[in-house]
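Look at the two complexes coming up: chain A is in both, with chain B in one and chain C in the other.
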Partner chain A sequence: MSDRIETFLGLSVELTAFSRFDLLATGLAERYLGTLDKVVGGDTTNTLLAAFAALPPPGDGTRARALRATILGSELLGDVARSLIKLWYSGTWFELPYAWTQRFGAKPADATFVVSPDAYVEGLLWKAIGAHPAGAKAPGYGSWAYPPKIPAFPASDTKADAVSVHLQNVGIMS
Partner chain B sequence: MHTHSSIRTLDELKEFLHGAMQLEHATIPPYLTALYSIMPNVNQDAAQILRVIVVEEMLHLTIAANVLNAIGGTPDLTRPDFVASYPAYLPDGETDFEVGIQAFGREALATFLKIERPAARSEHLKAQSPLIHRKSSQHKTVLGSHPRNKDLHFYSIGEFYAAIVEGIKELEEKAKREGQTIFTGDRSRQITSEYYYSGGGELFPVFDLKSALDALELIIEQGEGDGGGIYDDDEHELAHYYRFEELVKGRYYLKGDKPGHPTGPPLQIDWDGAYPIKPNLKVAEISDGSELREATVAFNHRYGEFLALLTRAYNGQPNLLLEAVPVMFEFRNMMLELIRNPLPGHPGLNGSPTYEIGKNTADPYAAHRAEAAA
Partner chain C sequence: MLFPSESALRVDPQAVAGSRDYDIVIVGSGISGAIIAKQAAEAGKRVLVLEAGTGANRSLVGYDDLLTTFYSAAAKDNQSPFPVNANAAMPRSPQLRKLQAGETDSSTYIVQSGPYVSDTTYTRIFGGTTMHWEAKTPRMLRSDFKSRTNYGQGLDWPLSFEEVEEDYRLAEQEIGVSANVEDQSYLGQTFPDGYVFPMRGLPLSYLDQQVNNGIDGTSVDLYGRIYPLKVRPYPQGRNGIPNPAYDGGRGYRPVGAVNTHQVEEGGRCQGNTNCVPLCPVQARYHSGKTLAKAFRMNGKSGQPLVELLPQAVASKVVIDPDSGKVSALEVKVYEDPRSPVYETITVRGKVFVLAAGAIETARLMLSSGLRSTSGLVGRNLMDHAYLLNWALMPQICGTMRGTSSTGGIVDLRDGPFREKQAAFAIDIHNDGWGWATGAPTSDLLELVDDRNLHGRELRQGLIDRVSRQLLLAVMLEVMPVESNRITLDPQFTDALGNMRPILSFTVPEYTMRGAAYARQFSRTVFARLGAQDHTSYDRSDFGYVAYEGQGYAIRGGNHLAGTHIMGTTKTNSVVNKNQRSWDHENLYLVGGGSMPTIGTANVTLTLAAMCFRSGRDILNYLH
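What follows is the complex of A and B.
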């Protein structure tokens, strides 16, 4: 895999709190990177990837804060990163906010759309809530008798970073 | 008529039926892996055909367990060698052929066709012993070999099953002469249709010679077809061999078609529409500490648990099969995830389930082996 897709995966791991394995398991990583390129353009995508690559190394206590400041808090990159999170979770690209297009210009491909039929099926949200997408990936007769399987909370260092990012985000919003 | 049977005792028959279960199960990992290697939104015809066939193989496994239960046996899918080590070998006349775990494609289909149509030999050769002596490596899984001697191979799977049919007939005849029967199994151990929904065929209880022969007939017919006909007589159902052939020929069969000449609607195959999994991957080939390795081991572990669950279902708790259904769907998701992940250090190749059951994890069968050795 190219460095570009590797960087994209690294960024996505920290934004979604899902592992690299889980993200690749959707079979959609390259298509989602392609979606970013198509919607916001290669330049903005590269700026986002470069901002991620420039973060302090994992394990450094300042990494999560830096991610929040230079990516999620960035006027240009923040909304793009949030749309990327939603893309991974739902398979849908959500149109960027009005304020973003006012500031950086409307992008012709920036509309709300489902990337592909399998993107809907592979949305991380189903895994996150221990459910299956309605109409696809049926869990089998009688499965409703069992409690949903929620994946274990991420435990490794990089994932813990990602989790702390989310918690801080909650703090920002409240 | 040739009546030479290789099976002389009831215990031997039980071992042969275990061999039949092992054989029927052995087709499931290659078929399932090929099915789940198919990329989304392509090869829907192929996926449908593979799905139908693999479900029927699961039925065959259960039927073999029913026959074993009928003669007082105890099906055990947790035996250390129950799951084949891939590539495994199937007899094909004078030689073996390899059955491996690989992605959907022309090569996989060529193997599947061979699995479903065992070599036939001419009438005058049939008078000879069905067993052929051929030295096998100890580490190879040789399916359809003599349970007591891995170097004795049947000429074909058809002859392996013929030996079982003959053995059942002869042993039951002998028992009848003494006023007894070999069908002494507890009827409540039989798996019947209420525990097995949409299972690719009828699942009926086996309790006498007739039902045992009907059961084995169903396994043989669904595989290779009935005496060269492409449809089986009762169900108007296409035999597996011809279903796979439809994919090779790119056209569906219609009633009345001659073997090898389907005249139905065309079907679309995208030969590149499968993830490029590394054939016969082993856990040891996956980078230590990688998430892929961890997930591969987790799959094997879950599969081992599933076989233990099936064993309990086949040993007097048929209702557990209902519990096994969601586990099979869980497998599908686990397999899809492995197959979509690139294999570290092997550019252009992806991961795969390895079906190394009871290895690379805390050995769940150690207790079983200790018990057997005691």
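What follows is the complex of A and C.
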């Protein structure tokens, strides 16, 4: 697997809090990188990947802040990163905000669209809440009568106690 | 159960036009038309079914194409699986805007006449709106058939519950209803001794159970009378576990997918939460299941008794001036949904059945100049009014799982309060706030774009925001009012030059009084659950209605009725209690349009029951 896709996966793991394994299992990683290239162009995509590669290493207390400062809070990259998060979670590319296109130029392929029928089905949103995409991956007769199996995810390494899954009433799927 | 191959069904428009031996010509392949077609074929009659939409989804490939269209649609609106077809257009929800009094909006298929705009819809494809429905199948209550006598509101039916009860059982069999008699015996509903539904009731969702934990054992007081609260399961037209005690112990065989290829689909409901707009595995009933049985019946010469002509839009009912009977239908047959090119054929038969849905049947009658002696064609338009209330539960409830809705609060479907205000039934939506806010996508956008969440905080945020959602959809009774109606105007036509329906509707005050109470009621329920109320109604909402100083966003219920109302004489109604036209003895107008009132029951089980009745009457007439 190329460095470029590896970096893209690393960025995606950080943005979505789903593991590399989960993301690869969607079968959509290359397609989503291709979507970025197609919509915002190879240059901006490379700038985003380079900004991610330049973050302080994991475990360094300043990494989370740097991610906010250089990616999510970047005038150029922030909206692109947010569209990427939404893409992973829903399978839909959401058109970039008007202010972004005003400043950086309209991109012909930038419209709200579902990347492919399977992209909708693989949206991470469903997995995050222990559900399934409306209309696919059905969980079986009567499954709805039981508590949801919300997958556990690792506590934050930067601020471990700020985030915790509320476990009350929730079945945990490991 | 499978459809015969495409080629066995393919009929040629010229052959249809040349045919002189149809006993029954049916307009529409929805559940109404399907039931009558099947009954007629069982009696050996020759039947032609005309369907305005395409027949593409008769094959599995076609059905799966609809699913792909759905997955690929960026906005998952009500009609997203169904491709645009200007020749058989249908209302589409996202195209609506708020109107002022006197303002008309003709930019959508149904021309909306302000101020109230309805997002009600129906689906014009093979299989009709059952390709789309949610498949809740409650019966009407005994008192619903006599609301004028009991409450001084609306109209009495020319039929009693007792006269309809047996046909309810036939409809439950045809649809394949999953429910338990114990769960449905509330508010005085009774079932014959030993009766069981074809399949066992679907279990309540975890969300329903959480709501029930908060309200069970509590009650509300309305005009001095106490109504206990509880979450009760809805009867459902989707495959559950067959009940071995059905039919005196003979059991029930569910009907699965009906397509030209055998596949392992069509079993039990798997909880896709996508019943609306399209069940991926055909666990949910659609009228193709009934038609598949009808298409398999052959006459003495081995020829199929039922023919289907798709892409055939009935455009005029032709009356013989001497006998007053229908002599023919003029039908526009188009080649291609993308082109308005058509040829007009004339179709003859002994009996004609208009089963095009309450709005399209009225449209066809009016465009043929047939307002009926009573002048009531198109009038008394009814549709349940929905008022949505949404909140966040204090605990995680696993929202977004199960069928669209498994349970609800239905104990205010009846009571003496109906003298003053509308009754209602409440569904708990397993798909959360989707209907009200566009959840869960809208939540994702808000959390990412406005709350700047990513990574773990985003995952946690989604769990907190989505898995706790509770939507109470209050379905309110609407009584017949003559000024609520469908009209036509030659300036508004569709691609084939047929006049489009114009909808004028005012939510009756009786209903709004019920809505105002329902809002209070929902707040009370939320308080008992400790749920945060997030409900808000926007003044610019297309369905915004002000009532006694408060505003409410009313949604259409897709339960269209009343437009060819049933009654006791030709001056107070369009059809008799068998849905036969008073004016034209070989014409039947069937479906929701015949219903004099709709109570708080989703209309389809009742209209299906009525079609069994009409089917028998048609066979009597033919003999």
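Here is the rule we use: the second predicted complex is superposed on the first by the 154 of 174 C-alpha atoms of A that agree within 3 Å, B and C clash if a C-alpha of one lies under 4 Å from a C-alpha of the other, contacts with A are read in each partner's own complex, and residues count from 1 in each chain.
One rule holds in what follows: a contact is a pair of C-beta atoms (placed from the backbone, for glycine too) under 8 Å apart; a residue touches a chain by one contact, two chains touch by 3 or more.
Computed from a predicted structure; not experimentally measured.
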{"item": "Side-by-side fit of chain B and chain C on chain A, or clash", "value": "fit"}
{"item": "Touched partner set for A:T26, first chain B, second chain C, both or neither", "value": "first"}
{"item": "Partner chain in contact with A:V121 - chain B first, chain C second, else both or neither", "value": "both"}
{"item": "Dominant contact partner of chain A by residue count, chain C or chain B", "value": "C"}
{"item": "Chain B versus chain C as contact partner of A:G130, first or second or both or neither", "value": "second"}
{"item": "Touching partner for A:T112 - first (chain B), second (chain C), both, neither", "value": "second"}
{"item": "Chain B versus chain C as contact partner of A:Y141, first or second or both or neither", "value": "both"}
{"item": "Nearest Cα pair across chain B and chain C, whole Å", "value": "6"}
{"item": "Intersection of the chain A residues that touch chain B with those that touch chain C", "value": "116-118, 121, 138-143, 146"}
{"item": "Contacting residues of chain A [partner chain B, same complex]", "value": "1, 19-22, 24-27, 116-118, 121, 137-143, 146"}
{"item": "Parts of chain A lying in touch with chain C, wherever the complex brings them together", "value": "14-18, 72, 81-82, 85-86, 89-90, 92, 94, 112-114, 116-118, 120-121, 125-126, 128-132, 134-136, 138-148, 150, 153-156, 162-166, 168-170"}
{"item": "Residues of chain B defined as touching chain A within the complex", "value": "39-41, 197, 275, 291-292, 294-295, 322-323, 325-326, 328-330, 332-333, 336-338, 340-342"}
{"item": "Touching residues (chain side chain C, partner chain A) in the complex", "value": "67-68, 70-74, 76, 202-206, 209-210, 240-241, 268-274, 278, 280-281, 395-403, 406, 430-431, 440-441, 444-445, 448-449, 452, 454-460, 462-464, 466-467"}
